[in-house]
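Letters A, B, C, D, E, F, G and H mark the chains in the order given here, with residues in each chain numbered from 1 onward.
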Amino acid sequence: LRTGQAEVIFCQGKQPDHIISILKHLGEKDQNVLGTRLDPQTAELILAHFPDAIYDRLARCLLLRPLSEPTIPGKILIMTAGTADLAVAQEAWLTARYMGHDVDTLFDVGVAGIHRLLGQRELMDQAEVIIVVAGMEGALASVVGGLVEQPVIAVPTSVGYGAHFQGLAALLSMLNTCASGIGVVNIDNGFGAASLASAIVRRITRHQ
Amino acid sequence: LRTGQAEVIFCQGKQPDHIISILKHLGEKDQNVLGTRLDPQTAELILAHFPDAIYDRLARCLLLRPLSEPTIPGKILIMTAGTADLAVAQEAWLTARYMGHDVDTLFDVGVAGIHRLLGQRELMDQAEVIIVVAGMEGALASVVGGLVEQPVIAVPTSVGYGAHFQGLAALLSMLNTCASGIGVVNIDNGFGAASLASAIVRRITRHQ
Amino acid sequence: LRTGQAEVIFCQGKQPDHIISILKHLGEKDQNVLGTRLDPQTAELILAHFPDAIYDRLARCLLLRPLSEPTIPGKILIMTAGTADLAVAQEAWLTARYMGHDVDTLFDVGVAGIHRLLGQRELMDQAEVIIVVAGMEGALASVVGGLVEQPVIAVPTSVGYGAHFQGLAALLSMLNTCASGIGVVNIDNGFGAASLASAIVRRITRHQ
Amino acid sequence: LRTGQAEVIFCQGKQPDHIISILKHLGEKDQNVLGTRLDPQTAELILAHFPDAIYDRLARCLLLRPLSEPTIPGKILIMTAGTADLAVAQEAWLTARYMGHDVDTLFDVGVAGIHRLLGQRELMDQAEVIIVVAGMEGALASVVGGLVEQPVIAVPTSVGYGAHFQGLAALLSMLNTCASGIGVVNIDNGFGAASLASAIVRRITRHQ
Amino acid sequence: LRTGQAEVIFCQGKQPDHIISILKHLGEKDQNVLGTRLDPQTAELILAHFPDAIYDRLARCLLLRPLSEPTIPGKILIMTAGTADLAVAQEAWLTARYMGHDVDTLFDVGVAGIHRLLGQRELMDQAEVIIVVAGMEGALASVVGGLVEQPVIAVPTSVGYGAHFQGLAALLSMLNTCASGIGVVNIDNGFGAASLASAIVRRITRHQ
Amino acid sequence: LRTGQAEVIFCQGKQPDHIISILKHLGEKDQNVLGTRLDPQTAELILAHFPDAIYDRLARCLLLRPLSEPTIPGKILIMTAGTADLAVAQEAWLTARYMGHDVDTLFDVGVAGIHRLLGQRELMDQAEVIIVVAGMEGALASVVGGLVEQPVIAVPTSVGYGAHFQGLAALLSMLNTCASGIGVVNIDNGFGAASLASAIVRRITRHQ
Amino acid sequence: LRTGQAEVIFCQGKQPDHIISILKHLGEKDQNVLGTRLDPQTAELILAHFPDAIYDRLARCLLLRPLSEPTIPGKILIMTAGTADLAVAQEAWLTARYMGHDVDTLFDVGVAGIHRLLGQRELMDQAEVIIVVAGMEGALASVVGGLVEQPVIAVPTSVGYGAHFQGLAALLSMLNTCASGIGVVNIDNGFGAASLASAIVRRITRHQ
Amino acid sequence: LRTGQAEVIFCQGKQPDHIISILKHLGEKDQNVLGTRLDPQTAELILAHFPDAIYDRLARCLLLRPLSEPTIPGKILIMTAGTADLAVAQEAWLTARYMGHDVDTLFDVGVAGIHRLLGQRELMDQAEVIIVVAGMEGALASVVGGLVEQPVIAVPTSVGYGAHFQGLAALLSMLNTCASGIGVVNIDNGFGAASLASAIVRRITRHQ
């Protein structure tokens, strides 16, 4: 009844024991599992029970088993404005790869140095859908949206300070984009962006 | 350089004369044009110059010429929670049809009467992408997102009062959805939702 | 003069010594006492003085003596959307049981998988009043409110991140519900929901 | 499937024609209908089609036929802090009476003159449930909640100015009440308060 | 040029060394000094240099020398709604006593139990000015303001949770009071309340 | 039981008939009455019933009879930052004069031209209490608070635009003042400032 | 004492008579005067008294006499993202020209079509300082700031809807820019941007 | 392509290894580098790799090599309202000095004691541009802006509490200044203020 994405566990606010028993239960079905928003302390407790599991400190995600090779055709491109947005990009990357997708990346192409971005046209052209991860003023989403015809998924990050209000500035910026063809997900929600990208790419694949 | 969507004019805050001259300029190229967020008073001034133009009072949109038949395969489904969300749904419908798409609609299926929604499974299954338009608490997006595998585009509307804060409640609700595969656009942004739906469907079509 | 609920102590922001002296004072009257919003460190200091007291880590509540069996007829049902809402549900459960009520629970029936919820009609029908605990977009309150005729008490939780703003998204969602027969309490206020449920059930009992 | 309350139409944002056709449809079933949040201009258009209909300017509500006598035992008491809260109180009164309830009222008993309120103990004691309507700082809900054991439904109103932010001040005040047994509805939502009161009283009646 | 209050040091965000040198400098002039918003760790470093200094953990304030007896006639009354508001009340008390005033206190008289408050009329009548310290919904200020003719100074506290937003709920409540004769200071600003009370009482004294 | 200020009617949101009947009732007792926040249209309806009444368009206030000479010693000084703050200052002036006080005024002394303010030391010295009315950034309150020892009452106004948010900027500025001896009232609340000033001056007078 | 800019009158909230008398007073000194934020109705009343005065409907500004030729060397460039930002740009243009500056303009170069902007490098290079006027997501400021070495003044406009919150989105975006060398003024504050640009250019000129 | 300011690294949210490799890379080019918003723990890890590097605890900044003497004529003056604003002022000072500028400072001249400020006219007159750093109500920017003709750059700080909302109060205050010639940067953004000051001074120098 639920989609294939149901094996992604949102770990924030769950007790370690609870997470372990879900992992055990799902793992028995010979299924890989992804756990998101898992802090390092809890991860350590969990890793002790699963010898093959891997914890990605940057993305704060856990994988019950290593990733397999991509099985679904159609590239997803993940772009970031700054290096501080990498954690969120990594959550998106892991999620997309875990769901079987082929993922390209293009990091640190923020709008304060627009020429770096413009030099990467080819990578953009090769993607079916583009995920733009940006904090600060989040302007990268608009610039990319204006350059490409593909659907763009914008992920505001909490990277910033002061009047950034933990990502609100980037979120509002992206919702008010003057470009078209852009959908927005929650602040820091790399998982959500990858899920939407996956739904789009799987739809394309289904028609091939 | 710009996408085919460039012929959609955002009329809010523009002087009537300015809009007329853009319409004249684009109309000469034998192109249809869509004008959004146009109030009835300004529309009347403009209609006097273009005998074939049509103004849709509900959607507050103007079309330079009547719509043609859909040319792009792949259905877009537009759903609304309440009847008060119809204006925004109509803007989305006009935009999608103007861009050449085939559009289904399903209105007034809000979550306070969940069985009406569940009885419409077939219509959902036929769509490539679903646009969910909802005000109040905006919960319809999550319920639909949980039911389907297709990409869902959520449009919060300003329909509500009090602690709705002109659409903020519905917007935050949609951004925090517990379902996956959902992208959000600005409050009342029917145009934006249709643009993103169009980008997705055109991508699918391209591969057929 | 004050209601019977006066023996519930709001511990947040109180000095340990102060809490201990209140507990001693009330305990002497052969009365059980419930302490809410008590952190584990302070709880440990307090437990040293009261050998029969119990601290519930999940709910962050302390009971001076074990709970007795329910004495008031009429069931209260506590539902949660996700497993991360359990802490708040547990505060509500303890409060309701402490006040003498009979409580049913139904956890993890969030709207992203609506069929799990629909399969539990019977449990809902047996309750005099239903408490719905939900974070994220808080849509469960609307769906339940649309399904049942009983009064529904909605508790938004701070479970979420980004544009959730520590529970604001769920709170606004619940206040703007399109269903009827729903009252809302403060974010994470399991105690408040149970108090209101208790006032309703006691009113019903009084008439039997 | 839907509750008996389904015949209440939320008119805000609906086209007059649409409202008329709903009223005709429901009226044919020999059913009375209540329309809320209806502005006087639209009301006038509608009244022309329904000779027995009545429009209440203060509450901005329309009734298809005159109210009948109360049929459900158990009093609902509606209190207001100031005279400017009367419009919201009237919407609650009409809704409760329309649903068949017996309603008492107590107006202008705000906390700046606490003795007027304290002199009305008897009226409060006679009610099964109390609706408190208050703008400004909304403190009446807490004072009443501290005085009575019955469930209290708090309705913040948009009466105020400046840092009231159209009812936000009263809403936050009520959500943060230090009294217990209080549920809150949306700003100016007299209808919602009466619906919840009705659900509670009908539950009590069912057990008699 | 500056007022006598200039010897109160706002310690938050200042380096320990900086505070020590100010204290030394002012202390040499045979003057007592009050330091507010000083955390316990920094206080310890400072106490090592000043053998007569006293640190009040509850108020988070430091006094260079013990307080002397009140020298200015005219009582200031400090009231609190709950026991969790004591820290702010204590900052106000220390400030007022440090400035030479005679201070009465009345704690834990919140509006959820209005009769405790009404039983304390005499204490209120004896004061020249009343400081009301309250968190949660901050309703005590309105009730007191309605009971007395003296000027009332309202101090919202950050005591609360959820939709309290660290004191915002109480602040807005107090600014929107339906009583008259009330001035508001910043959230948790016991010092500011006492300064204003002092300015008022000194004005009265000057005329005696 | 209520204070002498009870004869001030808050007219906003009240029906004309209602205001007229209150005025008639109070007027019969040979009492003057002040009505605040009364719009010109409603005022006109009311004036038709009371030949001696006066409506002040700037302050949007109505007086049942002309003002008498001041009867209470002790000056209140009302200052404004800009000329656009005059409406609020006038509400404060009328209220203070209506309550029997002697009032001085000093307008247009905003901080962008600090020397105009500094040249007016004498007027400030003569007042028992100073009301500072300011919009924009509201900085005048801090500067005056730093210059004088008397109590200062700060009234933020909604004069401003953009990020002023209808007075929020000035309100927050005044609440965060670095000067001491300042109490704040609601945005545009000239009445509230005068009420507090009156309470203070009456207290001083009582001791003379 | 005040700067030369003192002859700019902020007309919003001022009575027509008041504005007329200021204009008469200043006009007698053979001085030109600029009035900003003046609505068309008031402007008409004022124009009747000053035969040489000009009212600019777009900028909502009045000039007592026609503009003279620029007298201060050093170009100011005013750029806008969209045509709906023209009103604010025009206020900035009038202010800068009124203060004696030489002004270039570059309109409708928003980031959704980045190549139009990149084609205008020369105009940017010729300016001493650049004013960027943008609504929606306000991203133009960051892109320009990244391209040039000159100081950039960013003016967020209220052009947008929904989650734009009357300019808040653009304001936050500009404050959080990832480019450097950018100062921000209030939403829609064309006057403020031009004043700052003028202060900078006059400083440069002074050194030539 | 990028400006000379590109060698300033924003360290917040970057991994230590990442910062070290950037420093190594840039350091090899014989270039000095400034790292901002670097916490002490990360700084320690980094200092171990660069023997000549200096970490400024107050400013939370790192310099790869010691500062050289100023090389660009034209003074920048940095003023603060309170001593708690020193950290932000120090970030601005380091940035300006790092960029080759000559910097004066004037600390602790807040508006609560306006005469200290007025006594420092000369220092202000000597500057080409003035940076005003202020928390609390941020009024210093307006007062300075009214006194001088030079461009003023206002930096709101997060120094404050309660309704300060981490700098929001000071930010709004500065954006709504009634003085002219003022540009605002993000809360606590000493770096941004210095960058803009540098862009202005370099423009002046270029013309000398």
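As a working rule, contacts are C-beta pairs under 8 Å (C-beta built on N, C-alpha and C of every residue); 3 or more make two chains touch, one makes a residue touch a chain.
Note that the structure is a prediction, hence the values are computed from the model and not measured.
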Between chain C and chain H, which partner chains are common? A, E
Identify the chains adjacent to both chain C and chain F in the sense defined at the top. D, E
Between D-F, B-G or D-E, which shows the same interface as A-G, counting it as a repeat when over half of the contact pairs match? D-E
Roughly how far apart in rotation are chain D and chain F when fitted on CA atoms, stated in degrees to the nearest 5? 90
How many Å are there between the centre of chain D and the centre of chain G, using C-alpha atoms for each centre? 50
So how far apart, in whole Å, are chain C and chain E when each is placed at the average of its C-alpha atoms? 35
Whole-Å gap separating chain A and chain B, where each centre is the average of the chain's CA atoms: 26
Specify, in ascending order, the residues of chain C that touch 2 or more different other chains. 2, 82, 112-113, 146, 162-164, 168, 171, 175-176, 180, 186-187
Touching pairs among all chains present in the structure: A-B, A-C, A-G, A-H, B-C, B-D, B-G, C-D, C-E, D-E, D-F, E-F, E-H, F-G, F-H, G-H
Would you pull the chain G residues touching chain A in the complex into a rising list? 81-82, 110-114, 118, 136-139, 142-143, 145-147, 160, 162-165, 168-170, 172-180
The chain B residues in contact with chain G across the complex are 1-2, 6, 10, 12-15, 18, 37, 156, 158, 166-168, 171, 186-189
Listed in rising order, chain H residues that touch chain E in their complex are 58, 82-84, 87, 112-113, 115, 159, 161-164
If we count contacts the way the header does, which residues on chain H are in touch with chain G in the complex? 2-3, 5, 8, 128-129, 146, 149-153, 171, 175-176, 180-187, 191-192, 195-196, 198-200, 202-204, 207-208
